[in-house]
Each structure stands twice: as C-alpha cells, then as structure tokens.
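In what comes next, chain A is part of two complexes: it sits with chain B in the first one and with chain C in the second one.
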Partner chain A sequence: MSATPTIAFDATRCDGCGECMSACASAKSTDGSSAQSRIRIVRDEESGSWGIAQCRQCGDPRCASVCPAAALAKGDDGIVAWDAERCVNCLICTAGCTFGGIAFSPAEGHVVKCDQCSDQHAGAPQCVSACARGALRYVTAANVYNRWGELEDLFVPGLGGCQGCNTELIMRHTLRRVGPNTVLATPPGCIPGMGSVGYNGMLGCKVPVFHPLLTNTASMLTGIRRQHKRKGRNVTALALAGDGGAGDVGFQSLSGAAERGEQILFVCVDNEGYMNTGAQRSGSTTYGAWTATTPIGDSARGKAQDAKNLPLLMMWHGCEYVATASTAFMEDFYAKLEAALEASERGFAYLHLYSPCTSGWRFPSASNIEVARTAVETNFAVLWEYRREQGLTLSRDIDDPLPVTDYLKLLGKFRHLDAAQIAHIERHVAEQAQVLRELAAMQPCEGRQVVGRQSDLMAVDLDQ
Partner chain B sequence: MEQFDYVVLGASHAGLEALRAIRAHDADGSIAVLDREARLPVSPTVLPYVVSGKCAEDRIALRERSWFDAQRVDYRQQAAAAALDAARSRLRLADGREIGYGKLLLATGAAPALPPIEGLSDVRFHVLRTLADALALRDAANEVASEAGRSAGRAVVLGAGLVGMHAAENLVRAGARVTIVEMRGQVLPGYFDATAAARIEAVFRDKGVEVLTGRRVKQVARRGEDCTVLLDGGDAREAELLLVAAGVRPEVSYLSGSGVAVERGIVVDEFMRTAAANVWAAGDVVQTPSFFGDGTPAGGILPDAVEQGRTAGMSMAGDPALRPYPGGVSLNTYGFFGRRALSVGRDAPAQAGPEWDVLVRDGEGAEGYLKLVLREGRLQGIFGVDVLFDPGIMWELILRRVEIDARRQALLENPQDTARALMSGLWR
Partner chain C sequence: MNEVAEMTAPVAEPASGRNAPACDAAVTRKEPKVLVCDGNEAAAWGVVLSRPDMVAVYPITPQSSLAEYVAQFVADGVLDAELVEAEGEHSVLSVLHGAALAGARTYTASCGQGLAFMFEPYFRTPNLRLPIVMSIVNRDGITPQCVWGGQQDAMTVREVGWVQLFCETVQEVLDTIVMAYRIAEDRSVMLPVNVNHDGNYLSNGIVRIELPDQAEVDDFLGTPDVNWHAALDPDRPMGVDPLTGGATGPGPALFVGYRRGHCEGMQNALRVIVEVHEEWARRFGRRYAPLVEEYRLDGADHALVTIGSMAGAAKDAVDAARERGERVGLIRIKTLRPFPVDAMVAALDKVQAVGVVDRAVSYGWNSGPVHQETLAALQYCRHRIPCLSLIGGLAGADLTQAHFERAIAETAKLFDGPCPRTPVWLNAEDR
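Showing the complex of A and B:
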C-alpha cells in the first residue's frame, strides 16, 4: 500500500472560526447548511481547546473492516470511498470509527465522510483552503515517500543507532536518492558508529565506503572525485559527517574544498556536539547547553559561548549550493537534496541537517521529529537555501515563530537555564533570524552575486 | 497432504480481518482460507437487506476473488471442516481430504439456535443466517403479502433480537400482518434498556405489528402448508410464515475430541488462543469474555468479531504490535422504520450501588431518548433513540476507562460534540 496525502490539524492554531465547516458545507452539502459539513470543529470546555472530527483516511480503515455490505474501501488514491449503491444504512461503520470520521447525516439520510474533495477539487480540500490560520494543512509529503520507496536502500538492514535517532532516516534517504554510483566518506562520529562502514570485514552499505580521519574527509573526497573524473567516470563524492567532523576538526579540509569548488556533496548531520564519544561540546553546541565538557555546577552553567553558524560560514565560501534542512520537513529536505546533488556536478554543495540527539540532549526517544519540528517553528533552526546565482532564500516564513522557550523546555540539556541564559538564547535566535531575513531580502544584481565570489574566479581545472 | 503456514477456517468478518492482519506482518507465509459456502463471502448482517430487496444478492460480497489473489491467499469454497486433529496439526475436510497447518484460525461463526419447542421439527419454518436463508425468506415474505384477491397473511417471528426485529420490519413493509413473540420482558433485550426498548416497540405497534413480550411459544403444529403457534397463555396464532430468530449457537460440531475447549463457544485467552496448541479462534464461534468482567452479554457483535479477528491474526503472525483483546462490549446501531437507535456498553445493574450514576434525557420527537451510565465517573454505557452520537468514540471511551465525570452534563446535552472534543484531546 502506498502512502497518500492527509489533512493535518494543529489545535494550537485553531480559533474555532468555523470557516472550514462552511467551506466544506458549500462544497459538499445538499442545502448549504454547515450541519452537513464533513469536518466538525468542536470545543472542549474543560481544557479550553479546539478539537476536530474528520475522516483520517486510515491506512487500515476499521469502518471498512466492519462494513457488512462492502460499501467502504480504501482506494489507490488513499481515500476511503463510500459507495452509495452498496450502503444499507446500518451505521455499523460509525461504530468502527474512533475518530467521528463517518457519521449519519439526518439531512442526507445516510452516512457522510470526507473524501478530501477528490471529486471536484482534487488536491485542494476546501476546508484547508478556507483556514486562514494554518490550523489545517494538506500534507502531501507521502508522495515523496512513494517516490523514494521505489529507490534501492543502499544501507544494510539494522544500523545500530540510538533509539529514536533521526540519523538513520537521514542516511538511508540520502543514499537512496544519491544512488549506487557513489563513493561515500563517513568520518569518525555517530554515522560510522551506527555501522555505515560495516563490522568484522563486512560492508555496511552497498556502495564503496571509507572511513577518513576527522580532519581530512573533504581532502580525500577531492582526490577520489578527481581521479574518477580523470578516468572518465562520473561518480558522486558524498560525505556524511557530523558537526565535529565538518565544522571543528574537519573544517580546514572542508573550507579548502569548498573554496576550491570541488565537486563534492557534503552532508553535515548536526547534533550539536561530539555525541558518539559521550556528548562533549563542539563549536555547534548551543550557548547554555549541558554537555559532558560543559557541566552544570556551582559556577559552570553549561556552554559559555554561542554556537557558530556553520551553514552561514559555508555560504560565505560561495559554494554552488548551501542549504539547511530538517527531518520534520521531509518534502523540503528532499527538494534540497535534489538541488544539492545537481549542484555537486558543478561545484561544492553543502547540506546541513539538524539532528536532535535523543541521548545527548536528553529527551524521550519518541519525540525526535517533534523536537526537530519545534526547533524550526521557533526559529532556533531556520530553514533556508543558497544558490550561487540567486543568493539566499528562506524556505518558510520566519516572521511568526513560536516562543524559543517552547523548544528549550523539550530538552534536558537546557533544564538548568536561568532567566538570563534564556534571554541570551532568545536574543541570539532573534539576531540570527534577522541576519537571514536581511540576506534573503537582498536581490542579486546583474552580473554580480549577492554573496560569494564571481563565478569567473572558479579556476580549478579538474583535469590537471 | 497439502500443508499451509496458516489456515483460516471461515471467511466472514473475523476470518477476513485475521487474514489482513496476517498479511500485514507476514508477506510470504502460505495461507489457505477455507469457506464452506459455495459463493463469495457474505456478512450475516447484510441479510435483512437482501430480504427487504434493498440489496441485490450479487452486490453484497465482502471480497471478490481478485482480492484473495492479490493477497496471495488460496481461497477455497465448499471446504467444510469435519474434524480437527490438533496433536498432528491436521484438519480433515468433509470430502475426506486432509490439510496440514502451521497455525489455524477457527472462525466458523454460528448457526441459528432452535429453541426446544414441541412440534418445531414437523413444521416449515425459516431462519436467517445464510444467503440461501435470506433468499428463501424474501420469496416467502412476498408470497405471504402479495397474493391478490385475499387479505395479507400472518407471519410469526420468534425472538425480538436484531434479526427478528429486522425481519419483522421487512415483513410489515412487504405487507404481511406480523406477530413478534419474545420470552423476555422487552424487545431487543441485552441491547437496549427497557425505556429505549419501549420506544422502539411503540413504533412497531404503530405500524400494526403485534408485539408479545414476556411470552413463550408452547407448541407449534402443522396445518396444511401453514402452522398454528400455540402461546403459553393458551391463545394461538395461525402463521403462514414462521421465522425462528431465537439467537445463535457456535458452529463447533467438528471440534469434538480435538482438545479445543468449548463451553458456550470456544474458550480463548486474551490473544484468542484456544486450549490446543497453534489453534486460534475468533468471531461468533468464540465464547467472548465481557470487557466488564461480569455477566453482561458479549459476543455476536460485528465490530467485536473484527477486533477478535485482528487480534488472532496478529498473534498468529507474531506481530509485535499485538495487544491483548480487551473483552467484548455490547454495541449496536439499529435502524428501524427510518429511525435510529444506538447502544454501546452496559446498563446499570438492578441493585446499583452509589458508585453508579444514571443520567437520562427523555424528550419527545427530535429531542429523543438518551441514557448515560457511569461507574466511578467512567462511562459504562450509552443508549439512544433518535439521538445521534459516534458509537465508535463511545466504545473507545469505555475501553480506555476515561474519567468523564466533569463532562457528564455536556455529554447528556450534546453527546456527539462533547465526545468528539474528548477524543480530539485524547487520541487525535
């Protein structure tokens, strides 16, 4: 069964205006009354929050399992479809559904349910279009999973990551797309620790993989890419590195390769520290964060310095392509991976992925994606991309972020923060967002790039 | 001898859901589904609609053959079990062949129970469990009602359960004069409380149905093509059509000597395992334990059969997401003469202690009837006539033992939206 689009509801953004119900009623009802809406927004007076009753288009629809007349079935388009001719009006489907997603309509004389407007407004459910506050979203990310699902998984089964870590997701999805025609470098860090290079003489993936030093990943990939090119082979040189192997210990070779415009796709999986060796601080560790080397005590209150903004540093190298991405926003990640892969044919492409560390940051293993999402929604981790010809663009609106404290309170490594430290982080996040906002506002002038070098300064002859 | 990793006996709701659950976890294991019927699987629940003519008999199959093919399941019709040898993991079929299994699911359902009424075996009567029963009843109903040049004939329905009530409505709509005889004190006993049942009964009386509750049939006697139904009070009804709808009994004849324990049905544990190794059971063939752990009627409920089938299938396939079956909760959605009655859960006992709360809304017409039963602030049951709510959400609120005390008035006033808001906060 393939994954299919869904309508997502964010209760915190809903104010109960009811526009979704009106829009649904005008699209679906026989008499225009909201009572016939297939989406119902309800108020829980006890908790003071808004709730929703709408068909989830379940992957395993129980309404269909309990239907004695085979009148409900999930189609290839993902919609659980209702067949008026078969329905006997027994209402057993309403007992099967625990979400109030299918209910009897007295006005219409039979059960009704959401079909995501697949008949008249396919791809644009009217309730979502009507929701001005973004409480309803039409999530089509499933489409990319379907596309990626067709590609071969080039890592072996059973990578040994910590429970709840999103790095396996990053690794597998990246290599699926980059494909088998690849040489992969994984410098010391969690990624080889998870088994990418293999164990006991057995490879951990189905492409040539090697384990450079922390310091020389980009240098080794430079040589490999050039040698393949000299032999007439177009092989992708891919690095999957941690933030230490990219931005601290590995920075000299990374900076050099970027500056020379080597044709490399360098993916940095940033978990803000040396997590594989016991959670020591790195240059990417946030101000105030607990690590093994920035402990909490009578005088020490976590890391005393701000993190350096590694992706911005890479942008100032004038790479072909630089972007930040998050596993909470997979469509965005996929689009950037496509762009980075293509850019790596021309020059240096750098992709920076935020990777919340369940063990080192101290949060429940089930909430990795939620942490990643909140980091983005609070502007703690801003999603943007930079193309040499176009400059920097923001991937999503950053003008109405959630409070930074929404993010900080998710993580044990920030539990000790005092008011002054929180204020410091809030200020830093706001400053970084402002820098990005202003960079995004700059328009490229003719014949000149916003940031970085003139392209005619690219003077690396790979055939030499 | 043929051998399969999984053999599923029966292809109704429990068997089909088990099949889905097995395939969801085990893509490769060989599966055979053996159905004794000679046609594609049909739900017993749809049969009243075949009788009424609402459903065409060729448009009610739960699955097409292509679905079994797509699941890579060996689906066989006219394959009835004759004996089970659990010690050797073999099933003998009625035609004498043997089939070996790794794991076996018994989902053979139930057959109509025939009450011990004197003379019953000597008269022509109908039951309603299979498609053949439904077609025969449909034809008979038309005969009773529509013979030109004489007044409509009388039909007598024994039993005021869902099957009997549905059939009675169909017979009335077809134009017959109908008598319902129910030995317990109300219609739909075990599903609805007395007040709701009285409302439903009143609608039937308005439509000209004679409803005799608290009455027994002493004897039936043949009278030409028809029969005489003698009641316990001494009065009698002449019946051109007699329908016996006095419940069902599990279909377990093939299990004698198998080591599978049978009481009121097959005895199973919380993962639907029977007493015999590698043998599971689900659906109407099972003695369903009550979720409430009391004498509340359980089992015979379609959504419950699906839950049991899923639990059994996941257990058979070793799916790690398996959760124990929580026990049966009575649950009904009943439409009658264009109106609707819904019931979920249990009523308060006759001698209810102070931990029980019963809230009732008993208005006329559109106001409808609604009854909430709480125990220690948790929903036990909800019963409504002409009041809409989502039975699936109520079922889940009961299973989760959600504390709802603070919302009791809101639930009584607007059960649908209040429960939906609760749901949205708890498991959206």
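Showing the complex of A and C:
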C-alpha cells in the first residue's frame, strides 16, 4: 500500500480566524458562503483550543465501508472519492465517519467532502494556502516515502538500536537514497553499536562498511574516495557519525577534509552526547543538560557551557554544501540529502541531523518525532542549508517560534533546570536564531553570490 | 633538487671499500644514474621508483625535506601519485588506511612527535594487515625539547607489529624503501614496513648514490597487491573490522585468529626479507645483510652490537682496534622487527662478550632497547655471555669513532669482572 499526501493540522497554531473555511467555500461551493466549506473549525469549550472537522482520507475509510451503493472509494491517489452517479442520498456515510469529514450540503443537494482540491488546484489545497498561522500544512512527504520505498534497503533487518530511536530511520533512508555504489564509514558510537558493521562474524549492511577510529572518519574516506576516483570510479564516500566522532575528538580530521574539499558526504547524527557509552557530555550537549558526566548535585546543575554550533563551524570551512535536518521533517531531510549527495561529487558535503535520544535524554520512546519536531518549532534546532554559491538559506519560518520551554519540558535531562538556567537557554536559542537570520539576509558581495532567502519548507518538490 | 638527467654520468669505477655494499660482478645491468643527495632525497627517489598510488604527508623535522621532495616530484610529474597534504600525522596514516583498503600502494614518512601523534592509526595498521611503507626519519622524543636525531621514536613502538628495518647508509635508504614494498605486499606477510633512517646523520648527510632503472624496478616490484584480503570496494562489498564478541560466541577464537595470524606473518617476513634482499643483490648488484650483519667477527672474542647509521663510526673503531691487535668485531641489526633470533644467535655464538650501543632508552630496564633484545636472544645461545648496555647519540649527540673506541674498551672489561647492571652513558661528559 502506498502512502499519500495529507492535510495536517496543528492546534497550537490555530486562532480560529476561519480563513480556511472561506477559502474552501470559494473554491468548492456554488455560493461561496463559509457554511458550504468542507473544512470546519470547531472550538473545544473545555480546553479553549480549536479542532477541525475534515476528511482524513482514511486508509480504510468507514464512510466507504458503510455505503450501500459503493459511491465512496479510496483511489490510487489516496483521496476518498464520491461518485454522484452511484449515490442514493441515504446519508449513512455521515454517520459512519467519526471525523465529521463528510456531510450533507443543502445547497448542493447531496453529501460533500474534501478532495484536497484535486480538481482545480491539485497539489495546493486552498485551505492550506489561506492559513496565515501555519496551522494547516499540506504534507506531501508520502510521495517521497513511496519513491524511497521502491529503493533497496541496504541495512539488514533487526538492527539493535534503542526502542524509539530515530537513528535507524536515518540510516535506512539515507542508504536507500545513496545506494549500493557506496563505502560507508560508521565511527564508534550508536550507529556501529546498532550492528551496522557487524558483530562476531555477522554483517550489518549490504554496502562496504567499516569502523573507522573515532578520530579519523573523514581521513579514511579521503583515501577511499581518492583511490577509487584515481581508478576512474565514482564511489560515494559516506560517513554516518555521531557528534563526538564529528565535532569533538573527530573534529580535526573532519575540519582537514572539509578544508581540502574532499569529495565526501558526511552525515552527523547529533544526539548531543556520548549516548552509546552511557550518556556522557560532549561539545554538542546543551547548557544545563544532565549527562552522566555533568550530573546534578549540590554544587553542579548539569552542563555549565553552551553547545558549539557544529554545522555553522562547517559552513565557515566553505564546504560545497552544509545543512541541518530533522527526522520530524522528512521531506526537507530528503531534499537536503539529495542536494548533499550531488554536492559531494564536487566537494565536501556536511549534513547535521538532530537525533533525540530516548534513553539518554530521558523521554518516552514513543515521543521521538514529537521531540524532534518541537526542537525545530521552538527554534532550538533551526533548519537551514548553505550552498557555496548561494549562502545560507532558512528552510522554514523562524520568526514565530513556540516557547523554548515547550521543548525543555519534554525532556528529563532538563527537569532540574531553575529559572536562571531556563533564561540562559532561551537567550542562547534567540541569539543563535538571530545569527542565522542575519546570515540568511546577507547581500551579494564581491565576485560571489551570497544571497539570503527564505524558502517555504513545504513547497519543496523533489519531482521538479 | 637534483635533476636526474643532468646527473647521469658514467661511473668511473665500481663502488668499493668498506662502506660500499658488495657487488655481484656477474650481473649485467643498465648503467646506473648517479646523483649526489642526502638521505631524505634518496628516500623520495625510492618512493618515485616504487610508484605508489597515494602519498600523504605532514611535515616534521627532520623529515620535512623528504615531504617537500615528494611534493615537488608530484608537482613536476616525476611521480604520478595522489598527494594528500593532511592536517596532521594522525590523518596522514588514516588517509593511507582508506587508500590501501581501496587498493592503493601507499607511502608516508614521519618521526618523533609525529609518530606519537600517529599512534592510534599506527597501532591499527598491522592489525588491518595493510602493506603500507613508512619512513621514520628517526628523532628523539620530547621532553626535554629537541628536534634532533635519536631512535626513541621507533624503539618505543617496537611491539606494535610493524616490520622495522634500520638503514646504515643513504644508498641503503633508497634501496630498502623499494624492497620494503616487496616485503610488505608479499601475500605471506601483508604487514606495514617502517624503513628507519637516522635523523640528521642520514637525513641530511650528502653522498653519491646510484639510482636504479625505473623499468627494472617495475619488473622487480610488479603491480600493487594490496587489498585482496580486506577491501572497501562496492564491487566486493564486505564489512571491514566488525566488532568481535569478547567472551561470547566465536569471539575469543576470532580474536586469537587475528593475533596468531599476525605473528605468523611476522615470522614469514624473516624469510621474505632475506629472499627480497637476495633478489635485489642479483638484479641491482648491491648486497646488504638482510637481518643481522656480521662485521669482522672471524677471530673476534668480543663485539659491539649496533643499529642504524652509527655502524659507520663503529666499524671505523673496530678497524682501528683490529690494527692494534684487539679481537673485536661488530654485529649490526638491520631487521629489528620481526626480531631475527636465529641470525642474532648465530652472530652472538661467535663471541664471548658484547656491548650493545643504543640510541634510545628502555626506562623499565635501566638500559637500551636493543640491549634488551640482545639479552632475550642470548637465551637461545650456547653459552651465557656478558652483555653490556651503552647508550649514546641521544637527541643528536655525536657518536664518533672515539665514543666507539670507549665502547670497545668497556666491553673488553667484561672479561675482567662482573657485567655492570647500569648503562654506560657515552655522551655523559660531552659539552
């Protein structure tokens, strides 16, 4: 079964303005009145927040299963379609749907439901375009999942990661895209710890894979890439490294290879510490965070220093490509992986992925993607990309973030924070966002087009 | 830098005398190119002749001019190799790990602190069985601060599992670098080789040398045979160096298999080193003692044991002593790792006392490292003979003929009394 695009709703961003209903009505109804909208926003009087009544385009739609006339059916495009020729106006479907996604329209004289504007505005549902607050998003990542799903999974099944860790997601999806003509380096850490290189004579992947030292990943890949190139072969030199192997003890070799412009795709999976060895502090650990080596006691309250901004340090090396990405925004990650892979044939490409650690950061294993998304939406982890010729670009709006505390309160490692520590982190997050804002706004300068621009994350279309 | 073409001149007469290696007269070969250069340039020519695919370098005194020569040769098109100017010695060797696993013949050079910094990948190199050739332009260790010659660097890493060869002359440096590839890439060996040449004495000492013909060297070396056992190549996908199992599953046997295989490769190297030196003598006319050189041991009752370039001055001292009627000879170790036990025992069995001169310190035994090696070899000798430790030439200190005459005298004293348990520090009074 293929996945399909969907309209996602974020209650925290909805202020009940109703613009979505107006837009829908003018696109889909005969009289243009909001009463005819196929999306309705509904206020929950108890919580005061807003919800929506709209077709979810369910995988196994109840409306269709209860329809006695087979007038409703899920199509190959994922949309549950209504067939006027077959409908007998019994309205049983409106009782079958628990989301308020199909309703009788007095003006039309039959049931109506959302079709994601697949007729006149395919690919651009009008309600989403009208939502100024970003509470509605048209999520098309499913297109990419489908395409990636057809590529070979080059990791063996059953890797031994912690429950809920997003690293396996990163590993499988990255290697599917990069493909078999690859040599993969996984320096000591969670990634080989999950068995990617193998254990006791067993093998972990279907591409050539090895343990570099924790310190020399980019250097070993330098030799591998250059030797194959010398023999006329275009072999992708790929690293999947943790933040310690990239930014702490491994930073010298990383910096050297980036400075030399080696043709390497280096992916840093940043879980902000030495999580494979029991959650010790790294240079990437947040200020105030508990780790096994920055414990909480009478005279210490977690890490005493801010994290270094490794992706920005890499940008200043003048790499071909540098970007940050998150597994909560897979479509953005895919687009950046694509760009990084292409850039790695010309020079150094660096991709920094935020990887919430269920065990080391102390949060429930089901919450990984939620934590990752909240990190981005609070500006704790800003998504951006840098291209040598274009400068730095923000991948999504950072001017209206959620409060940083929304992120901090999700994680046990921040449970002990006092008001001053929280204020410190808030200030740091704001400063980092401002630095990125200013870098993105830089104007072209002598002989080099450094242009800041802001793209709509959701407008990225890999098919183009 | 010397242009070879301009330096090509007929050789007036065959090299002869004590410091020239013995020639095989029957060999017919092309008129050799001749140049006048120091040991670092000679090493660089050895690299050119060996045609590595990849060279990674990082400068360090007294190796720097060697790195510069190689870089210039690449820039001039004399050497067709990928040159990686890495950001440190740690990366230098790491680049070569990757390159070798991708099939490259590789070379680098370092010493002293550079070797210390390189230690992490250095330790791993022989365990991966990568036939990398690396010069060590021997330098003493800091602290105290020094940039001068000494062998503390190579001696400190002698248990890491590299093949370690020590050269006496500039010509031997060039020849041994080429031979090192044959030894390293031999399928029964598959180990990295350090070609040691003393910093200052050999790195900067300028002499006349002969340059072997490229086509003959090509024929001698054959094509690189580097990653048949372990490769990082999408055409032969495999996991390189997966985690072993500790005490579980096949873990212990796996690990022992690696270690035992490594030891066997080292022992095979003893045979291969001899064979390769023999073939070199046949093809190129220069013969070196591959493992242990015996110098004037016939009729000797005591001997000095030396390693590296100091043998030159030591042989002068032995010659002088012989003229005075003293029955002294010299044993020079060329191959320190694998330790040539049989060759060493054969030499030691010819004398009744030895004085071992080290250019490094073994702190744990209050003597020199080669002294310790000699003591161990004595276990297999017919008789227990006294074995004195002498330490000199640290941090560039001169080891002159006078120092070795004293060393001979101190060794001769072993016939008159007990062997001291403390070393003789040869430069202790030098100002």
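Details
FYI, the second predicted complex is superposed on the first by the 442 of 464 C-alpha atoms of A that agree within 3 Å, B and C clash if a C-alpha of one lies under 4 Å from a C-alpha of the other, contacts with A are read in each partner's own complex, and residues count from 1 in each chain.
One rule holds in what follows: a residue touches a chain if its C-beta (ideal position, glycine included) is under 8 Å from a C-beta of that chain, and two chains touch if they have at least 3 such contacts.
If you're wondering where the values come from, they're calculated on a predicted model, not measured in any experiment.
In this overlay on chain A, chain B fits alongside chain C without clashing. Using the contact criterion defined above for the overlaid structures, shared-chain residue A:I422 touches neither chain B nor chain C, since it reaches no partner. When both complexes are overlaid on chain A, the residue A:A69 reaches chain B alone and has no touch with chain C. Once the two complexes are laid over each other on the shared chain, residue contacts for A:P106 go to chain B alone; chain C is not touched.
In the overlay built on the shared chain, the residue A:L394 is in contact with neither chain B nor chain C.
By the document's definition of touching, of the two partners only chain C reaches A:G256; chain B does not. In the superposed pair of complexes, A:L213 makes contact with chain C only, with no contact to chain B.
Superposition on chain A leaves chain B and chain C with their closest Cα atoms 31 Å from each other.
Residue ranges of chain C in contact with chain A, taken from their complex: 53-54, 56, 82, 84-88, 90-92, 94-104, 106, 120-121, 124, 231-234, 236-245, 248-251, 254. Looking at the complex, you find that chain A touches chain C at residues 180-183, 192, 197-213, 215-216, 218-228, 230-231, 235, 252-253, 255-257, 259-260.
Chain contact summary for the complex, chain A toward chain B: residues 9, 11, 40, 42-47, 49-53, 60, 62, 65-66, 68-70, 85-86, 88-92, 94-100, 103-104, 106. Across the interface of their complex, chain A is touched by residues 13, 16-17, 20, 24, 43-46, 49, 54-55, 59-63, 302-303, 306, 310, 331, 333, 335, 340, 342, 344, 388, 390-393, 395-396, 406-407, 410, 416-425, 427-428 of chain B.
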